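You will see chain A twice below: alongside chain B first, and alongside chain C after that.
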Partner chain A sequence: MPVLDVRDLKAYYITDRYGRISRVRAVDEVSFQVHKNEIYGIAGESGCGKSSLLKVVSGLSKPPLRILDGEVIYKFDDNELNMLSLKDDKQRRQLRGTHISSIPQASMNVLNPVKRIEKSFQDFVSVHFEINNKAQFNEMVREHLSALGLDWDIMHAYPHQLSGGMRQRVIIALATILKPDIIFADEPTTALDVVVQRGVVQLIKKINEEQHNTIIMVTHDMAIHANLCDRLAIMYAGKIVEEADAHTIFHDAKHPYTTMLLKSLPKIGDESERESAPGAPPSLVDVPPGCRFHPRCPKATELCCKEEPQLIEIEKGHRVACFHEGGSR
Partner chain B sequence: MRVRSKNFRSNTVEFGHGHSKLLDINDLSKVFIRGQGFSKTRLVAVNKVSLSLERDKPEIFTLAGESGSGKSTVAKLILGFEEPTSGNVVYKGEKISNIKGSMEFMKDVQPVFQNPFETFNPLKKIDSYLYETEKNYRMPGADEHRRVKESLELVGLSLAEIKDKYPSEMSGGQLQRTSIARALITKPSLLIADEPVSMIDASLRMSIVNLFKSLKEKENVSIIYITHDLATAYYVSDRIAIMLRGYIVEIGPTKSVLGNPLHPYTKMLIDSVPSPDPTKKWKEDIVLSDMESSEFARKGCKFAGRCPEVKDICTRCEPESVKIDGRNVRCHLYQ
Partner chain C sequence: MFRRYFLPRFIQYLVVLIVGMNMIFFIPRLMPSDPIESRLSQMTAQGQYLDPAAMEGLRESLAELYGLEGSMFEQYAAYWKRLFSGDLGPSFSQFPTPVVELLKSSLPWTVGLLTVNLLLSWIIGTILGAVTAFYPDSKLTKVIEILAMGIRPIPYYIMALALVILFAFVFPIFPMAGGYSMGTKIGFNSRFILDLLRHAFLPLMSLVILGIGGWFLQMRNVASNIVEEGYVEYAEASGLSKTKIILHYIIPNAIMPQLTGLAINIGFIFGGALITEIVFSYPGIGSLLYNAIIAEDYNLIMGINIFSIVAVSTAMFIVDMIYPLLDPRIRYQ
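Moving on, here comes the complex of A and B:
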């Protein structure tokens, strides 16, 4: 049974500048399901709409990002709930913290620079949870930190005293202290160096094992996806073009875009010439007609320029949107 | 880091011809002092670093290491943005402290910065940076933008593609290539690229890295490539230096350092590069440093707190750099 069911979601950035309306088609007819206790990855180049998708699904979308169509259904212990039917921020707020939570990109801006880490924890917990006394709060934090293998001493430090990697792990600890059912992680390892990246991946894995929750992870780094994810969706220009379990994506990818992404990655010990993906992703304001990938695709035919392929299941659990892989109109 | 565009020093410097080294760094140290009075702390950001580049053999030299290992400080010292505390940087036979700010030096050594979205002013058209550089350095043929066109061609762009465009209208890869084109206008012999690909999509990184390769081969430009991405370093560079908390712990030819690492820190770095293959996931857990300052202040080897092969001696005295197998290693295992 899926915990999150997204159906035909459509969300555009609509701006009106002196009567000239522009539409950025960031999320266009996206459907996917995420099951309990799995790590679901969303990959794609920057500007393909993956962060916008995450914003809409986690209920953080603000104008000019507007939801035009579709459903986002959460299922928590037999309670069904449509995120898009919630009227105001108050209702959404009840969901956050305990049911859904998000890990932002590593940055100095997340933690208050003039307050100790402890204060950030207090603020976060007191909004979503009633704390009766300090001892109870301390007990709760101590338990959480020791489960994640972090030291209690960091609670008394200021953000600038911590290294970049430690800071990101504190942010992850903060986001998961109330044991949320679903965690959204938006590029949690980008701009960190390799050693710290590994520590962060290690921590996310540990949370998934300890708290038995679901993690939806967005990053452009395919190697991180290979290490962490159970299932993977590849996004291109606002659409999912391929979805399968991690092993299939990395060893038996069908969509030309997925193979192109994987081919561009260099490896230590491999001296063969590597080429980066030719061309650039299209602007989402005027997307190419037909298959959105056809201007960069080596296999493009006349049909690809005219008609848009649908995302269809070619094997169990493997969906592809390409005419060359049995795609239909 | 900001490049001064005006007010060059009036005196011109002639570089010592016949000097065989392009860049010679000898026992370089940089100490930053934080705080005042009793709370004063010393932070040795660069510690006894030595390296050199040959003049007539262009190469791509990688400086790799975690964040906070002093790689960027080395770059700033080479560019003359910081004064070294001890030791010196010699460029073509001249001390950097004597020639920095002179037109000849700034023409010859050019930087490429990390984040192409922050390098350019969002309100300024991107081509104006190229014209300005050309004019400020008084390149011949500035009227018809000859050098601008040539250097854009080198990076695989054309003037028509970037003319009258704002930074927001271009992708990260295009911006970074424009940034490199700007650096190439003055025909430099040395490019200092500080994390040039870390803000660029993995799928477009190879275009920048391949560009460095062709610049080395066709234009005889030496490049100091600063990165923590060992996979691209392996692909592109000839020699590599691994830095840890100010020290160079291992330096040598890239293929042997990354193919057969000797220092435990290099081993851990290589082990931490994620492989794009779900059958090769990371198995064992690693120990991360909590606070940067505590590792900088550590006596003996800076890696002792995280090293899997730590010995008694490591926490007491500092290892010396020794030569084994065509490279220099700073570790007690090989003393």
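Moving on, here comes the complex of A and C:
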């Protein structure tokens, strides 16, 4: 049974500048399901709508990003609720922390610069529980930190006293202190060097194993996906073009865009020059007709320029949107 | 910490004071006019006849009075000696009342008026700025913004005059001038305090209305950048209450420029609100300074200046000491 079921989600950035309305089709008819205790990856180039998708799904979308259509259904302990039909800010606030939580980009400074880390923990926990007993709260945080392999001393530090990698680990600890059911991670490793990235990836894996929660991981870094994810969706120009378990994506990718992405990855021992994907992703203001990938696709035919392929299941758990791989209109 | 942070700033503070005191000593002496001669010519112009011997005697006693006897060096030494003993000399226009006495009697009026003004406008402006930065799309925000931007450029003397004309002349709700009604007994009783408040209301309003506008705009500028910071967004995403976000996240991070401004203005309190006090005939330091300038009362002018230099630089020094407690990123170095 899926914990998260996204159906035909459509969200555009709609801006009105002196009567000129522009529509950026960031998320266009996206459907996917995420199961309990899995790590689900979303990959794609910059500007393909990954982060917008995450914002809408986690209920953090703000104008000008508008949700036009679709459903985002969560199932927490047999409770089913549609995120998009929650009108009340209070209801949404109740979800965060205990049920949904997010790990933001490492380059963002998410910790209040003028308060000690301890204060951030208190603030975040006190949204859901009143901290009456300081010793009990400290015990809870200490347990959580030691489970994640973090030192208790960081609680008394100010954010600027920590290194970038340390800060990101603290943020991950903060995001998971209430053992949320679903964690959204939006490029949690960007702006960190590879060694620190590894630490962060391992930390996320550890949380997934210990807290038995579901993690949705967005990044453009295929290496991170290869290390971490159980299943993977590839996004291109606001749409999911391929979805399968990670092994299938890396060894038996069907969509030309996915193969293009994978070709750019370095391999140990292979000294031939890496191919870069030709062209650039389309502007989401006026997307190409037909298959959105056809201007860059080596296999493009006349049909691809006119008709849009649907995302269909070609074998169990493997969905592709391409006419050449059994796709239909 | 003491040696790296406190000491250099303390030395800086002393240097500012010494330079200021020196400027007060030297600038009047660089002026082409001689205060003694101008005083004497003023007397003769008024038709007083003085024979040369009496003239010479008067010249000497004036020189002694002004602290202008002896060589430049002797004068300089005498000046510092007087400063350290807290003696600013007698006032010329209200001879022989010491300058210190005059300062003492004007100070409560000015300090009372300007402290209330500063606190009121600073607190209201700061809170309004933070709240409107957090709700940039609200209608109320737009109204406050337009009002602030419209009020801010009004010169404060125009505002003062407009208030006097409107609320003291056209609609005589408030008294037109003075710090208290003639014949009221000064004392700690409800009648006097009520009278005091009635007289202070218009001057206070003329300052507070403009003050709120200024503090509001500055706070809003800083806070609207803070609102877009990751930590505010993340706190919102994590479900923290709006009051908590404003109080713990926006205000502490946006408050630094406000505090600097507050400190400088605390110092300026002791310089008086010159034009406001004149418009409302308010018996404060500003009026005192104005009258001193009109009467060419050098000692009094110097006394007021010395006093405000000490007040402004002391206020700045204290704020420098408090900064690191408010923002941990400012190191004691």
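The criterion applied here is as follows: the second predicted complex is superposed on the first by the 325 of 329 C-alpha atoms of A that agree within 3 Å, B and C clash if a C-alpha of one lies under 4 Å from a C-alpha of the other, contacts with A are read in each partner's own complex, and residues count from 1 in each chain.
The rule is short, and it goes like this: contacts are C-beta pairs under 8 Å (C-beta built on N, C-alpha and C of every residue); 3 or more make two chains touch, one makes a residue touch a chain.
Not measured: the values here are computed from a predicted model.
**Q** In the superposed arrangement, does A:21 touch chain B (first), chain C (second), both or neither?
**A** neither
**Q** One more residue to check, A:1. First (chain B), second (chain C), both or neither?
**A** Neither partner.
**Q** Pick one for A:276: touches chain B only (first), chain C only (second), both, or neither.
**A** A:276 sits against chain B, while chain C stays out of touch.
**Q** Looking at A:124, would you say it contacts chain B, chain C, both, or neither? Reply first, second, both or neither.
**A** second
**Q** Comparing chain C with chain B, which touches more residues belonging to chain A?
**A** Touching more of chain A: B.
**Q** Using the touch definition from the top, say if A:93 reaches chain B (first), chain C (second), both or neither.
**A** Touch status of A:93: second partner only.
**Q** Does the superposition put A:154 against chain B (first), chain C (second), both, or neither?
**A** In the superposed model, A:154 contacts chain B only, not chain C.
**Q** State whether A:135 touches chain B only (first), chain C only (second), both chains, or neither.
**A** Touch status of A:135: no partner.
**Q** Just to be sure I read the superposition right, which of the two partners does A:262 touch: chain B = first, chain C = second, or both, or neither?
**A** First partner only.
**Q** Could you tell me which stretches of chain A are touched by chain B in one complex and by chain C in the other?
**A** In the superposed arrangement, which is not itself an observed complex, chain A uses no residue for both chain B and chain C.
**Q** Can you list the chain A residues touching chain C in their complex?
**A** For chain A paired with chain C, touching residues are 58, 60, 92-97, 101-102, 104, 108-115, 119, 123-124, 127-128, 158, 160.
**Q** Considering only the defined contacts, which chain C positions touch chain A in the complex?
**A** Within the complex, chain C touches chain A at residues 229-231, 233-235, 237-241, 244, 248-249, 252-253, 326-329.
**Q** Provide the residue numbers of chain B that touch chain A in the complex, in ascending order.
**A** Residues 65-68, 171-174, 198-199, 201-207, 209-210, 228-232, 234-235, 258-259, 268-270, 272-282, 285-286, 288-293.
**Q** Quick check on the complex: what are the chain A residues that touch chain B?
**A** 45-47, 151, 154, 157, 161-166, 169, 191-199, 201-202, 220-224, 226-227, 246-247, 250, 260-262, 264-269, 271, 274-277, 280-281
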